[in-house]
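Two complexes are shown next, each including chain A; its partner changes from chain B in the first to chain C in the second.
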Partner chain A sequence: MKKRKLRGIESLKSKYGYMFVSIWVIGFVLFFATPLIQSVIYSLSDVVIGGETSFAGIKHFKMLLTEDPDYTKNLSASLSSILYSLPLILVVSLVLALMLNQEFRGRLFFRAIYFLPVIIATGVVLKYISGYGSTTDKVSESVTDNMFQVTDIMNVLNLPAGIAEYVQTIISNIFSLLWQSGIQIVLFISGLQSIPSSLYEASRVEGASKWEDFWFITFPSLSRVTLLVAIFTMIDQFTSSTSPIIETAYSKMQTGIYDVSSAMLWFYFLIVIAVMGVFLILYNRMLMRRWG
Partner chain B sequence: MTDVIKKFKCFYQDHSAKAKMGATRRFTRSKWGNAICCLFIIAAGLFTMLPLIYAVATSFKPLDEILLFPPKIFFVRRPSLENYAAIPTLLSDQNVTLSRYIFNSVFITFITTLVHIIISAMAAFGLSKSKFKWRNALFMIVQFALLFNAYTLSVPQYIIFSKIGVIDTYWAYILPQLATTLGVFLIKQYIEGYVPDAYIEAATIDGASYFGIFFRIILPLIKPVLLTLLLFSFRDVWAMIPQGTIFSENIKTLPMVMSQIASGGIARSGSAMAVTVIMMIPPVIVYLISQSNVMDSMSSAGIKE
Partner chain C sequence: MLNQETVKSIGRKPAAKKGKAVLTAVLRWFILLSIGYIVVYPLFYMISSSLSSRESFLDPNCVWIPKSLTTYNFKFMWGVMDYGKAFLSTIKTEMVSALIEVASCAIAAYGFARFKFRGRGFLTACLFLTILIPSPMLIVPLMNNFSHLDVLGIFGLFNKLTGIDLRLNLLGTSWTFWLPSLFASGLKSGILIYIYIQFFKGLPYELEEAAWIDGATPLRTFVSIAVPSSSVVILTVTVFSVIWHWNDYFLATMYMEKDYPLAVTMNKINDLINYAGIYLTPDKPEGLAYLMCGCLMFIIPPLVFYLIVQHWFVESIDRVGITG
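Right after this comes the complex of A and B.
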């Protein structure tokens, strides 16, 4: 008797579950899943506008990788930009979060400042402010160039060309890096606030310095948040519409070449998914080690 | 592994010994350290704000100052409102007034954000509190979908829109937003972190229906994450330019007008900046409303993965 009633509640629960999810699922299937599958089909066939689409196999992928001179270049540019942006965004946002987490006057004001770009820098505003499509120079570049005279310093230091170039990319991108770390700063601050203060009290009793506090308490406690931030940053960077692959694919799409552009995007996303998959496996491993 | 532990112990003992020796040493940061921290925060903050200051400054510059060479980026000698005053005349050949664009923007953003939030919240409630068969698979799909850029979908989406006949209507703004999964992801994580099953059980025993539970218990409890989603959704919809699905002038929104003005060359750049500044104001207001909640709900995103 009791058992049957429980089952009744469970089935009621699952019935309502379906009801609550259904509206969203319909929207998702219609406007996300179907287009996604459609674009896979495009990438595997010859699309003629106004004509028939016919199956073409992996022809476009082959063509992109062996014949197209720009594709592999763009691909490596899109993927490798993460190598400098990810560590930099992590460090910058962690340092800023540590500072903004302290008690000082006007701290809410500064937090708001660092979060502001997240709110207003989207789409057309971002494009216009950072200088694309406008006739004024790119503000960021002109300002940073005047401030640092990067090339001069590089010449004085006589660094190897690779490192000099690396540093130069960082400095000319410092605006976009700061502008892309808004959410990361918030995530780090909330991570910092969830560390129990008793740990710091204990370490003070033991006589540890602030430096040791950071490396033995703060940093290990932040490991999960750090990974979350890393994943978030990677998704953000890989899918940003300023990535060269997405830009070229989109301009191709606007001229009506759907098959090749879909293939371009899909090959890129397959690599991104693989990278993220490896990352997520590492993430889960770490959780296992922590809890198991 | 044991090697590492040994090294760690050595390091630790070494340091604690040192600490004992210098028992009088105070472990607070020096004044200089504080000053450097302060300077760093202010400098980086200013750096972050530069493009905004630039936008605001340019919007108040008369044309001859914009054309000045070498350009004075942040300095306005004779601030004037002529760029703002020029916007209505720039639009006069469109047969549509500025207020219409503003109305469109506000109307579309309001409706889309509201629908998006409610649907996401309902789906997240279903996914987290009801144990139906497909929920894990669905949630996997939600996470997977976060990896795609909207551009991948734009062409097939256009074809679907034209099939159901919503091209060049308000629906063309609203429907694509229903396909985003960030909201479902955020809200589901938040519900699992902050809403215990016991609340729902208690309400069921008291005879509440599931819709009653959703609207009267769940929604008030998850207000912080809803406000966060409001911020993100508002920001995306507010700045959205639909790709090839809107043609009529009378249902276009502010961002589209802005790119039209901006394409008018350097003589229009002052007015384009003025529209930019106008466009920045509403998201900032929404941020001020929701700001204290953003932190809580973002942190819950990492609770379960």
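Right after this comes the complex of A and C.
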């Protein structure tokens, strides 16, 4: 008798669950799943505006990979930019989050400054201030020139060419890097807040240094947040409208070439999803080995 | 970690420790200020170059503080960008849609976070897919669908059978933004739902269960218990939603035919400045002042919004528990 009543509540609850979620399910079917399938169909057919679409197989993919001279170049540019930006964004945002998480005078002031990129950097303005547009190279140029004479420092330090070039790339992109780290800082701070303070108290009693605190408490506790930040950064970078692949696909779409642009994006995102999958597997395995 | 207050309450600190603390504080301020300088530099640069008159902008001796101020740049760019009209249309389409999204995503997330039902795992996986797939993939089919609005092909079938076309053309109207937002599938809704879910999962369940047992419907517990105790997360989501909508230009370029929001204007501002007869070339730097002024005018509204809410936002961000 009791069991039956319980089951009654459970089924009632699941009914209410469906009720709340249904609002999103309708949206998902209408504004996500349907267009997603349609875009697969587009990429596999010849689309004539105002006319009939006919099935074309993998013609467009073949064309992009073998004939289009720019596609593979754009593809590698879009994918490889993550290699230098992801580690940098992770380190920069973690260090800044650690600093902003401490108790000190002026903390709110600095937080307000460092959250500013969250507000502005997600937008079109970024492309003007970081000099993506060709006519506006001048802005970022004048900005970096004013700040410090990069080449002078490089000459003094006499670094090997490879490292010097890497540092040069970082410095000329320092704006976009810092300005892209806004949400990452926010995520890391909220991760830091969720670490129980009793852990630190215990390690203090045991006589651990701040450095050991970081490596044995903070860093392992942040492993999940770090994964989240890494995935967020990757999605942000791969889908940003400044990525060369997306830029060309956008401009193709605006001129009405839907089939080729869909194929462009689909091939790109299959690779992106594969990259993310490999990353997730590697990360999980690494975690397993290190922390059990 | 023992904070400053507890250390004080234990007793006086030894002199060496005090010196070290001062050194740490100075070092921290130095690092934060110098990186903060890089962060706010573009903002200062925009303000300075849009306020300086042409002579002082071109004067190499005057970098930060212009010798003579002018509001001419603003007046000029107001006309070039058709600012007033674009601003109103941003409010009408993007901002209304942002606020609708804040509400609808909360409802959907409450269902995900609070109730167990069959297929929840699958639906959560679908939710992650919506975060992963960017909107450009969907835009063309969506445009087609909006030009003949249809539910699962029913009206299309009706049209084929009877020849009466009931399908509405929504392209060019604000409904292209409002409708997906109403069903929690608007701009970056996936992330917003995810933030809500993480927060709702952390809310104590007992209160809602008590209300449940006293006979309140789940809708009632949602409205009168969950929502009032979620002001922190609602604020966070509102900030994100408003900012993302404000900055969206791609969807608006594709959906709208006229009455473009500001972000679209901003995206093609180079061309607009060129049409107005000023050419942005490296040997004519005065165009740069106009460009910077346009950027400044574009970010002023979100900046004001941020300044109003930043007190709560900055304080509350670590209580949202986005990271779960």
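One rule holds for everything that comes next: the second predicted complex is superposed on the first by the 232 of 292 C-alpha atoms of A that agree within 3 Å, B and C clash if a C-alpha of one lies under 4 Å from a C-alpha of the other, contacts with A are read in each partner's own complex, and residues count from 1 in each chain.
Definition applied: contacts are C-beta pairs under 8 Å (C-beta built on N, C-alpha and C of every residue); 3 or more make two chains touch, one makes a residue touch a chain.
Because the structure is predicted, anything quoted here is derived from the model rather than measured.
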Checklist entry - After the match on chain A, would you call chain B and chain C a fit or a clash? => result clash
Next on the checklist: Quick check on the superposed pair: does A:103 touch chain B, chain C, both, or neither? Answer first, second, both or neither.
Outcome noted: second
Checklist entry - What is the contact status of A:93 with respect to chain B (first) and chain C (second): first, second, both, or neither? => result neither
Checklist entry - What is the contact status of A:207 with respect to chain B (first) and chain C (second): first, second, both, or neither? => result first
Next on the checklist: A:197 in the overlay: touching chain B, chain C, both, or neither? Say first, second, both or neither.
Outcome noted: second
Next on the checklist: For A:239, using the defined touch cut-off, is the partner it touches chain B, chain C, both, or neither? Pick first, second, both or neither.
Outcome noted: both
Checklist entry - When the two structures are overlaid on chain A, which partner does A:35 contact: first (chain B), second (chain C), both, or neither? => result both
Checklist entry - Once the shared chain is lined up, is A:178 touching chain B (first), chain C (second), both, or neither of them? => result both
Next on the checklist: Quick check for you: in the superposed arrangement, does A:283 touch first (chain B), second (chain C), both or neither?
Outcome noted: first
Item to check | On chain A, positions contacted by chain B and by chain C | outcome: 10, 13-14, 16-21, 23-25, 27-28, 30-32, 34-36, 38-39, 42, 96, 99-100, 102, 104, 110, 112-120, 122-125, 128-129, 133, 135-137, 139, 143, 174-175, 178-179, 186-187, 189-191, 193-194, 204, 224-225, 228, 235, 238-239, 241, 246, 249-250, 253, 258, 262, 265-266, 269, 273, 276
Next on the checklist: Could you list, by residue number, the parts of chain C that touch chain A in their complex?
Outcome noted: 1-4, 25, 28-29, 31-32, 35-36, 38-43, 45-46, 63, 104-105, 107-108, 110-112, 114-118, 120, 123, 126-127, 129-134, 136-142, 144-145, 151, 179-180, 182-185, 189, 193, 217-219, 222, 239, 243-244, 246-247, 249-250, 253-254, 263, 266-267, 269-270, 280-282, 285, 288, 291-292, 295, 298-299, 302-303, 306, 310-311, 313-315, 317-324
Checklist entry - What part of chain A is in contact with chain B in the complex they form? => result 9-10, 12-14, 16-21, 23-25, 27-28, 30-32, 34-36, 38-39, 42, 96, 99-100, 102, 104, 110, 112-120, 122-125, 128-130, 133-137, 139-140, 142-143, 174-175, 178-179, 183, 186-187, 189-191, 193-194, 204, 206-210, 212, 224-225, 228, 235, 238-241, 246, 249-250, 253, 258, 262, 265-266, 269, 272-273, 276, 280, 283-284, 287
Checklist outcome for this item: Per the touch rule above, chain A residues touching chain C in the complex are 10, 13-28, 30-36, 38-39, 42, 96, 99-106, 108, 110-120, 122-125, 128-129, 133, 135-139, 143, 146-147, 174-175, 178-179, 186-187, 189-194, 197, 200-201, 204, 213, 224-225, 228, 235, 238-239, 241, 246, 249-250, 253-254, 258, 261-262, 265-266, 269, 273, 276
Checklist entry - Which chain B residues qualify as touching chain A in the complex? => result 15-16, 19-20, 23, 27, 29, 37-38, 40-41, 44-45, 47-52, 54-55, 58, 66, 71, 73, 119-120, 122-123, 125-127, 129-133, 135, 138, 141, 144-149, 151-157, 159-160, 175-176, 178-179, 181, 184, 204, 210, 214, 231, 235-236, 238-241, 255, 258-259, 262-263, 265-266, 269, 272-273, 276, 279-280, 283-284, 286-287, 291, 294-296, 298-299, 301-302, 305
